[in-house]
Structures are given as C-alpha cells and as structure tokens.
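Both complexes below contain chain A, partnered by chain B and then by chain C.
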Partner chain A sequence: MTSLATPEKVSMADLAQGDSPQAEDGGRRLGFLLTLPAQVLVLFIAVFPLLVQLYISLTDWSPLDGIGWWQAYELWNGFANYTDLMADSRFWSALGRTALVMAICVPAEFLLGLGLAILFMDDFVGKRVFYSIMLIPMMVVPAVAGYMFFMLFQSGGPVNDILSSLTGMDVSIAWLSNPTTALIAVMIADIWQWTPLMFLILLAGLVGVPEDQVRAATLLGASWWQRFRTIVLPKMKTIIVIALAIRVIENFKIFDTLYIMTGGGPGVATETISVYIYKVTQQDLIWGYVAAIALVILVALSILVSLAISRMNAGKEA
Partner chain B sequence: MTAIHLENLVKRFGAFTALKTMDLEIRDGEFMALLGPSGCGKSTTMNMIAGMENPSEGRILFDGKDMNGVAMGRRGVGFVFQNYAIFTHMNVYDNLAYGLRMRRLPESEVDGRVRKTADFLQLGPLLKQPSAKLSVNILQRLAIGRSAIVEPAIFLLDEPLSNVDAAFRAVMRTELKHLQRQFRQTMVYVTHDQLEAMTMADRIAVMDHGVLQQVGTPLEVYNNPDNLFVAGFIGAPGMNLLKGELADCDRGLVVDLGALGRSAPLDPALAAAARANGTRDVVYGFRPERVSLAASGEGMMMPVVFVERIGARTIVHLGPDGQRIKAVFDNDVAVEAGVSVAVAVEPGSVRLFDAATGQCIREA
Partner chain C sequence: MNRSLPFEVFRYAAISLALAVTLVPTLWMASMAFKPIAEWSAAGADLTWWPKNPTLDNFRFIFGTSTSDLIVALDRTAGKPILSSLLSAVFGTLIAMGCGTAAAYGLSRFGSGKNLPLALIQLRLFPPMAVMIPVMIMWAFLGLVDSWWGLALIYGIVTLPFAFWLMKTFFDDMPREIEDAALVEGCSRSRVFMKITLPMMRPALASSALFVFILNWSDYLIALLLTTREWVTIPVYMASLSSSMTGQLYGAKAALGLIAAVPPVIMGIAIQRHLVRGLTFGALKQ
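For the complex of A and B:
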C-alpha cells in the first residue's frame, strides 16, 4: 500500500509534468484505490443484482422448486424465456397499453403543467394558496390516490353525479368495468397525480429564463407566441427534456394507482407492463420468466432515455 | 427621428414614489443623458419611455403622440440593456435578424439588412459565431446592431458601460458617440457616471430623489449648476461649498466664512443678485480648478490636510474640519500636508446658493 500512495509520487511537480507516464500511473492507481470502497458498494447494489437477474432469466427457476437461486443452473433453459417472451401476446399487448398510456398521459401532463406554470408566472389573487393546492396531488400516496379514484369512478360515485348534473341526464357509467372507460379513468388518475410535478419542474425552468432577453424580444416586436417559441422554449429545452424523461420512466412503471383502481382489469384491459410483471411474479411464480421480462424492459427504457439525453446534449452544442 | 416629451410624469410603486415629477423635452436626434445617483428615478423614467412600466400620472409623447397604452413592442424604441440581453442561444446572425424575422420580412431582405448592419458594426466575420462567448465590446455592438436594424425612432441605453473595465470604457464611449452621430437617432442614455454623460451627451438631465434637478449642455450644467445638489454632484471632485453669511464692507459685499475669514468681494452683478434675493445665509461655491496659490497675506490661509497626486493633476485637501475644500493644482505643485498655504478663488468663478432653499443665486 505505502508504495502506491507515498506523497512523493503525487507531488505537484509530478502532476505538472503530465507527460511523465510513471507519475500519471501512480495518480491513477491512487485514484482507483480511493474510490474502491464506493465502487464495491455500487457493484453490490447495482451490478450484482443485475447479474443475478440475467442469470435467473436464463433458467426456469421458481421459488417453488425448493432450491436456492444460486442452484438455478440445474434448471438452465438457455434463451427459452426470451423466445417465449417474443411470442407472448399478453406481454406485447401490455407493452402496447403502457405505450398508449404514456403517449397520452405524458403529453397531457406536460401541456397542463406548462400551461399552469405560465399562469403562475403572473401575479394573481390567491396565488400562494393555489400554489399549495397545486402540489397536494403529488404528495398523496399513490395507493391512496388509487383508492380515491376507485371511489370517484364507482357507478354511483361523484363523477357520474357531476356528469348527471351537468348534462341533466341520468349518467351511470360503470367506469371501471368497461375496458375503454377503465383505461380513461386510470389515465385521468395519473394525470391528476403527476401534472403537479411537471408544473413544478417547468415553473422552475420558466423562472430561469432571463427576463431581460424576453423584454428585449418584446421591444424588438415579438408577439407573446413568438417570444415563447424563440426565447422561452429554447432556454427551457434542457429542463423540458429532463421533465419528460422523468415522467416517461415513471409512467412506464405505472402500477399502484392503477392496480388499486382496476387490478389490471376488466380482464386485461388496463394491464400495463408493471401489472403484468406483478401478476406473473405473484400468481404464476415463474421467476425466471419475470427476470427475462424485467431485463428486456430495462434495456428498452435505457435506450429510450439515453437517446433523449444524447439529443439534449446535441442541442446544447449547436 | 422622434422628439420625446415627458409631461408631469409621476411613478409610484406602492407607497414609494420613484419619480416625483418629471417634465422633459428631448429633441429630435438629440443625445440626452439621464444622470444621477442610484435610486434617483432615471431608470424608472427610461423604463416608462420604453413602455416597460406605466406612469402613475402624466404623459409620454413621441412627436406629440400620446404613448400611453401603446405596447412596448409597438413604440419603435430600441433598448440596449445594461447586460445587453443578447439571446445567448442564438448566433450573432440570428440575434441581428431577430427583429426583422419577428416582422415576418422575407428572408432575402433579412439577409441583406443583417449583412449591411454587420458590416457597418464590423461584425461581419463573426456572424456565424455563437453569441454566448463574445467579448463585451462585441456584445455591445451586437446589442446596438440588434436594436438598430429595425430602425427604431428612439434609442434607449441603460448604463451599457457599467460592466466594462475603466480602460475599455473610454474606447466604448467614443465608439458609442460615433455610432450615434451615424445613426442620427434620438438617444436617451441612463448613467450614474458623470464622465460618460459629460463626454457623450448633447444635453444632460441631472436627477436626484425622483426630481429633475437641471437640464442643460454639459458645460452649462458644469459651469452654472442650478442648485447645491448639481454643484456637488457634477465634477470630480465636485464644487467646493462653504456655508457663510453675507456681510457688507467698504470694498463691497463679501461672504463671512467664519474661521476662514472673509471672502474676496463679490462681483457687482452677483452682489446685486444676492442683495435682491434678500437672504443673508448663503453657500459660497467655487470649482476646485479655480483655486490658486496666493502670496501670503492675500486670500485665505488654510492648513493642507492631504495631498493626492493623481498624475496629470494634484488634488489638495485644505481647510479646518467642517470647512474642508479641495483644490486642483498642477501635478508638481510644492505643497505638503501639515503646512498652511494662502489660496485665492478666481473672482468670476464664484457661485452663491441660498442656504435655505439650495437654489443658485443669479442675476435676474
């Protein structure tokens, strides 16, 4: 140890002469040693479980088999789980449903959040109160939110009551029993709960837009929309990408609210990928298969997010 | 090419009155400096001309047309911000083109005008550069070009040199003045730096505490300050102001300066004005540059407190506590702190102020 980390080896003179390979080597080795504990930790909490997951996904292991996971090689089945998955129509429709929910919820949350953030840039009476109210949905435990919306959308529940009084007709939609309306109800709950997060992030972005530049644009004759398009949006680009990335990832994993409201039903009408994984895990107990699904999802999401981030970086350099 | 008329402008922010009253006529093509210390209301005035703030009372007229209620984008006002407010996410070209594109001009015309402006401001080679990392003088030219390209009738500049170091400020002052001559636009320039105002402006409007103190050419304001504030504010160092009492003597009217003795007799015209004014409590004012060393026995004897040799000139602080004055001498003047010298004030340079009102006493 001492031979690696003696002070002489990393003296300022050595660091200044960056071309001396010996000094550079010493510094690098010292750096590695100093970060080793953290690296080991990361290895155990991130890489190790991932490897275990990969390992199990290549077997037919289930906890019911009565052998430990490390003995799962006894049930080795190669890539059978993955080929099964490719042919699993329930998986694909769950994935498609998740994508649909994401394609509707995330833009809706973004637009609503942006609109609200723009409203909150101006002063109005009761702004502080509204601000606090705005943030409440985000703080509600998702399971509680799920129960709330479960109650709201009962056929004798408040949603139908309100619709009845609005239309003057006797509305009694069995929201959560109809495949289409169940999906709509689930999306409304998600939008209700997560628009505030969008709002909060986008408000921070709006506040960060330099006021002088917006004023300069106004003085140069730019209309509100022109200013928004040419100054505000480009300045918020990074934060918008971050907000969308957060919501895409989170929305992809949509589970608690939805599960309490519909349990993925009626039938599989609201079965998203998380619900599907949960059911396979809890009901079918084929954990090797579950590991394969989870890994595929992880890879897919990683590609999606790194694409978004690389686009963001490309935008920054331009 | 527009004259600006400010009529009884008042601006209140809640209980605070930023601008108590303002009447000012800015002529067509004039370079007017609004000069005053921080919080004097000069920026508020500027913002109201630009339309960023609405006046609480009074009117702003451009060539006789009331601008009240006219949105800031439609006033034809070019504004150069203190930090230039360059669109940092665009390159130089897009910054210059911005105003034209917002007017939906055909791209061919935009291109022609951008290149013309860029050539004029020597920004030609920089057109494709990102604007985030330009040096200050280029940023300034870009900010001016971006406003000038849409041919505003009025140019407003809000302390554009305050972020620049002293050496560069001198360069930019000449450059700005030069640009104004070429654009021939009405320019209003806000600054707290009197040197900027004196060197560039056709006329200066001196403000303090939300009140317009005096309007005049740089020399008028310097030579004939209307009141004690202007006298003390303009000039570096400012005018020497000594409290005194008028007294008659056989040689005419003099000012009794207490411990310093009596001043030289006042000019007959000034004496007449002082008598007409009626008050006896006055402030005796004179420029530090108008003080000279006198033979002993003549003038006022004063102890030298401090000698500042600043190169071109030497500033000497003189006089007892409470009656301290400054005198500007040649750089090699032979005075040292601790000795007493006799100083004389050039007779024609004396200004008298009414001690009660602070107003200058002048022949009617």
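For the complex of A and C:
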C-alpha cells in the first residue's frame, strides 16, 4: 500500500495529555532535550558558514595569502567579486550547460522510468528478481559508476564494440575526447544511474492508484490510454511532482560521475556548475570569488524554491 | 491492466533490454577486475567480454603484493582508504541516526523543534559545492581536515535530513497505545522511549541506518575537498590511482571499484521495501 503522509495525526493520547499539564511539561522538556543535538548541528552548519561565506565573498582572500580568513578585511574589495561574476562567461556557460544536462536527463529519466514502471504494474514471472536488478545502478557509488562509464566509452572499449557489431562497420569514436560526444556520454551515465530512482518512485505511485476506479472505467469501455490519462495520471500528480523535484535538485548538483569521466573536459565541454566551482576552489584558489559564486547560487535557489512552494500551495487551494 | 499475448512479448522484450543495459556496465567492471594486464585495454577483435585468463592479481596489487606483470610502485595500498571509508561512513551514520532519531521522536511525540523538517530539507537542497568554502575554513580551523572523524562529522550533518525524516515517518506510523499503557503504569517518558519505543523500532532503525550508510559510503566530493593524504576514502584513492607515470591502471581500479560497489548494492537490495520512503523524505510510503 502506498499513501501520502498525513500531517500530525490527532490521537487519543494527544487529547489525554492536554488534560494533565504536568505530563505536558515533562514531555516538553524531554522533547526539547531530544531535538537539541539536531538543532545544534543545523545551526552549526547553517549560520556560521553563511556568515563566513558572506564575509569572504566581499574580499579577495585566498588560502595562499598567508593571512587567516578572519583577517580577510585587509583584502576588502567590496562587491568586485559580484560584478566580476556578472561578466564571467565561463560561469554563465557552466550554468547553461548544467541547465542543458538537466533539460535532457530529467525528462529522459522520467519517461524511461515511467515506461518501465507501467511494465511492472501487474504480476508476471520473474518480477521480483527483475525489480531488484533494476535498482542496482542507483546503489552503485556514483564515483565508481563514473569509472565504469569511463571504461565503457574508451575508443577501444565495449560501447564502440557493440556499435561495431550492430552497424557492421568499424566504429571507433573517441567519446570522451570530443566535446559533443563527451557531453552525450556523461548524460548517458546520469540517465543510467538515475532512471531506477524514477522507476522506483513512479511504480510506488502507480501501484497506489485505487484499482476499483480503473476497473469501473474498463467496464465502461474506456481504452487503456483513456484510463491512464483520466484516472491514473491525475492520481499520480503529487508523486510525479515529487519525483521530478528530487531529480531536478540532485541533477543540478551533478559532479561525481561527470568529474571522474571527463574532469569537465575536454576543455570546458562538460564543465557544469559544480565542476566549475570545484576547479576555482582547488586550482585557482580564489576563495573570495568562490564564496561569491556560492552565495549567488544559494540565494537564487532559495528564491526559486520559495516560488515553487508558494505556487504548489496556491495550486492546492484552487 | 493488459494481458494480451503481444503485450506479454513486448513486456519481456523491453524488460530484457532494460536489464541488459542495467547490467552491462557493472559486469564489464566486474570482468575487468579479474583480467590480467594484457587484456585490460585489448580493443577491436581482441576485446574480451570475459577474462580469458582470470586472475586475482589486480586485488593483490592494490593491497600491496607485488605481482609479476604490474611493476608499478604504489605509494600506498587500498587498506587505509577502505578503513577510512568504513570509519567515516559508520560514525557519520551513528551521528545522523543518533541526532535524527532523537529529534524525530521529540517532534513526533511532543511537537518540539517544529522548524526542523523544513530546515533539514533546505540543508539537502543546496549543492554541497556551494557551502564547502566555509566548511573547509571551519574544518581547517578546528583541525578536522584529513581525518576520518572530520569526515564523519560532516557526513553526519549531510545525512541528518534523511535520518530525521525517515525516523519521523516511522514514529508517526507507530501506534501510541503501548507507550500510553506504560505511562499509565508509572514509567517515566524517557524510560518509555529507551525501554519500549526504541526496541519496537529496531527494524525501522536498521533500515534507516543502512540507507544513511549507503549515502555516506557513496560520497566523493566532500572527501575530495576535506581529505588530502592520510585519510582519503576509496573514491578519492581510486581517482588518484593512475597518473601520467603509470597510465590507466584499468584492472586495479576495477578491482577497487568492485570492492566499493558491492556492499551498498547488497544493503540497498536488502532494504528495497523502504527505499521509496527514504528517497522521498517520507512523503511516499510503500
């Protein structure tokens, strides 16, 4: 059974607690103590880093300057990092590339995952075993998956071997050395690894659609596509939104597989936003500038997310 | 929904294709791990899908035993990176599960920490790369760089949202009647939690912990930034294994990749019943 979580169930215990203020007090103290460690960790990772980030981003500080980060005010440069960023074409093209990867990978993962989930809806021989095997890619360590695909896409590797035997010609594409094919290769790796996640979530959603409604529609003579479009899809709306949101968020962070496969190359052909930030952090070591990039991304994401949430809430009320 | 013969044929054909695509990359690496050096990069007509002369040399090599074919000197073996991955992932899981379970219980039963659900989702939302500069500064300041305990701390924080949300949905689902009965008997709240609730939640705790462990074990980026030499984890070590001096050490890397890939795959299949709940932050239960 699949069900959407219901917020805050009211049980008899809640009502009973309201009658005895003493128990309520003891509970509140214990509740406070229990949530304290998590609160401390959240504060530790949210407040201080954000302040440091903001401070560093207004300076030219680099760990090679020989002065501590707290003395970064000596290298104060106001908003220069932010104005530089506006003119940084490498940043903008990395951002565009990330959007391109997302625009291709997420829909591909969704459609493949949905198709597979539909095939797995009813029982057939071997379903359980096939289901477990289908989940393997998303459990493989992403860096290892990156290395698998690095091997597969070598010019003498198995991908070209399969293509050769399919076409009957001698295919020897140097996948990872050509800007276009390298981008295709990293997208294939992402789709391979994360289609199972879409499959898993969408299948859980499909199985949760009430069977009696589908059966009633079948008796009324609705075709498969009509049933799917008018009954199944509307019931799946929330689940589809969740699945897409998860992949959009995770895909935006894409780093591990891609970096192992191409290191962002050739040149900057597969440089996504995370790879770009990593390179500036590790190779150029201009941390003040990195902090500015990071803050801009954090603020932009926060605005996008609050817009998305308010739109979803508006949709719920309508 | 549909049971006609053409559909069944189509179903098995499509699923077979999907299974092949799913398995080929993994099997290629597994096969590579047992190939002798001569077969590593054999191309064209010489390309072998299964090792012709299977060998364990690749595994011996990464653990430091010199082999006849591989005369490359490793500056360190795979032992310490495996230990580092294990320690940081295990202790990171303990931190996340400890803090997450306690907070989830506090919220589920006493309504404490109402800010946590959203705050933790936001924590998960942002790309780690966008918050790593201050984390690297803080970790350097606290002397936590290049240590498994420093990694464990950041892993514990990064996976706290999953531990918290998973356990919250499990606590929300748990009937309260048993706890209430014990309270009436005169047990204190904390005693009920320790002696009754936690033992009852053992299966839920186990699957949540495995889920969090897989996430910690899978990290590459954070370890890449926060470890330099002593305590690099398996993925970082693997990436550093080949250099311009040695060329691609395909078989050795594949052997290491296999060691890294097998535990989470087994664990993931063991907890597949709860994967949907974990991945969707408990929004969807299966």
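Everything that follows uses one rule, which is that the second predicted complex is superposed on the first by the 265 of 318 C-alpha atoms of A that agree within 3 Å, B and C clash if a C-alpha of one lies under 4 Å from a C-alpha of the other, contacts with A are read in each partner's own complex, and residues count from 1 in each chain.
Rule of thumb we're sticking to: a contact is a pair of C-beta atoms (placed from the backbone, for glycine too) under 8 Å apart; a residue touches a chain by one contact, two chains touch by 3 or more.
All of these numbers come straight from a predicted model, not from anything done at the bench.
S.K.: Counting only touches as set out at the top, which of chain B and chain C does A:210 meet: first, second, both, neither?
M.R.: After superposing on A, A:210 lies in contact with chain B but is clear of chain C.
S.K.: Touching A:299 in the superposition: chain B (first), chain C (second), both, neither?
M.R.: neither
S.K.: Looking at the overlay, what does A:239 touch: chain B (first), chain C (second), both, or neither?
M.R.: After superposing on A, A:239 lies in contact with chain C but is clear of chain B.
S.K.: Decide which partner touches more residues of chain A, taking chain B and chain C as the two options.
M.R.: C
S.K.: Which holds for A:103: it touches chain B only (first), chain C only (second), both, or neither?
M.R.: neither
S.K.: Which of the two partners, first being chain B and second being chain C, lies in contact with A:154: first, second, both, or neither?
M.R.: Only chain C; A:154 stays clear of chain B.
S.K.: Does the superposition put A:230 against chain B (first), chain C (second), both, or neither?
M.R.: After superposition on chain A, A:230 lies in contact with chain B alone.
S.K.: Examine A:86 and indicate which partner it touches, taking first as chain B and second as chain C; both and neither are also allowed.
M.R.: Neither partner.
S.K.: Using the superposition on A, tell me which residues of chain A are in contact with chain B and, in the other complex, with chain C.
M.R.: Touching chain B and chain C on chain A: no residues.
S.K.: Under the definition above, what is the set of chain B residues touching chain A in their complex?
M.R.: 50, 52, 72-74, 77-79, 81, 83, 85-89, 98-99, 102-103, 146-147, 150
S.K.: What residues on chain A touch chain B, complex-wise?
M.R.: Those in contact with chain B are residues 210, 212-213, 215-223, 226, 230-231, 234-235.
S.K.: Which part of chain C faces chain A closely enough to touch in the complex?
M.R.: 1-3, 8, 11-12, 14-15, 18-19, 21-26, 28-29, 32, 41-44, 47, 49, 98-100, 102-103, 105-107, 109-113, 116, 119-120, 122-138, 141, 156-157, 160, 164, 169, 172, 176-177, 179-180, 183, 188-190, 193, 214, 217-218, 220-221, 224-225, 234-235, 238-239, 250, 253-254, 257, 260-261, 264-265, 267-269, 272, 275-276, 279-280, 282-286
S.K.: Touching residues of chain A toward chain C in the complex: what are they?
M.R.: 1-5, 9, 11-13, 16, 23, 26-28, 30-35, 37-39, 41-42, 44-46, 48-50, 52-53, 56, 69, 115-116, 119, 121-122, 124, 130-145, 147-149, 151-152, 154-158, 161, 170, 172, 192, 196-197, 200-201, 204-205, 214, 224, 227, 239, 242-243, 246, 249, 252-253, 255-256, 259-260, 273-274, 277-278, 281-282, 287, 290-291, 293-295, 297-298, 301-302, 305
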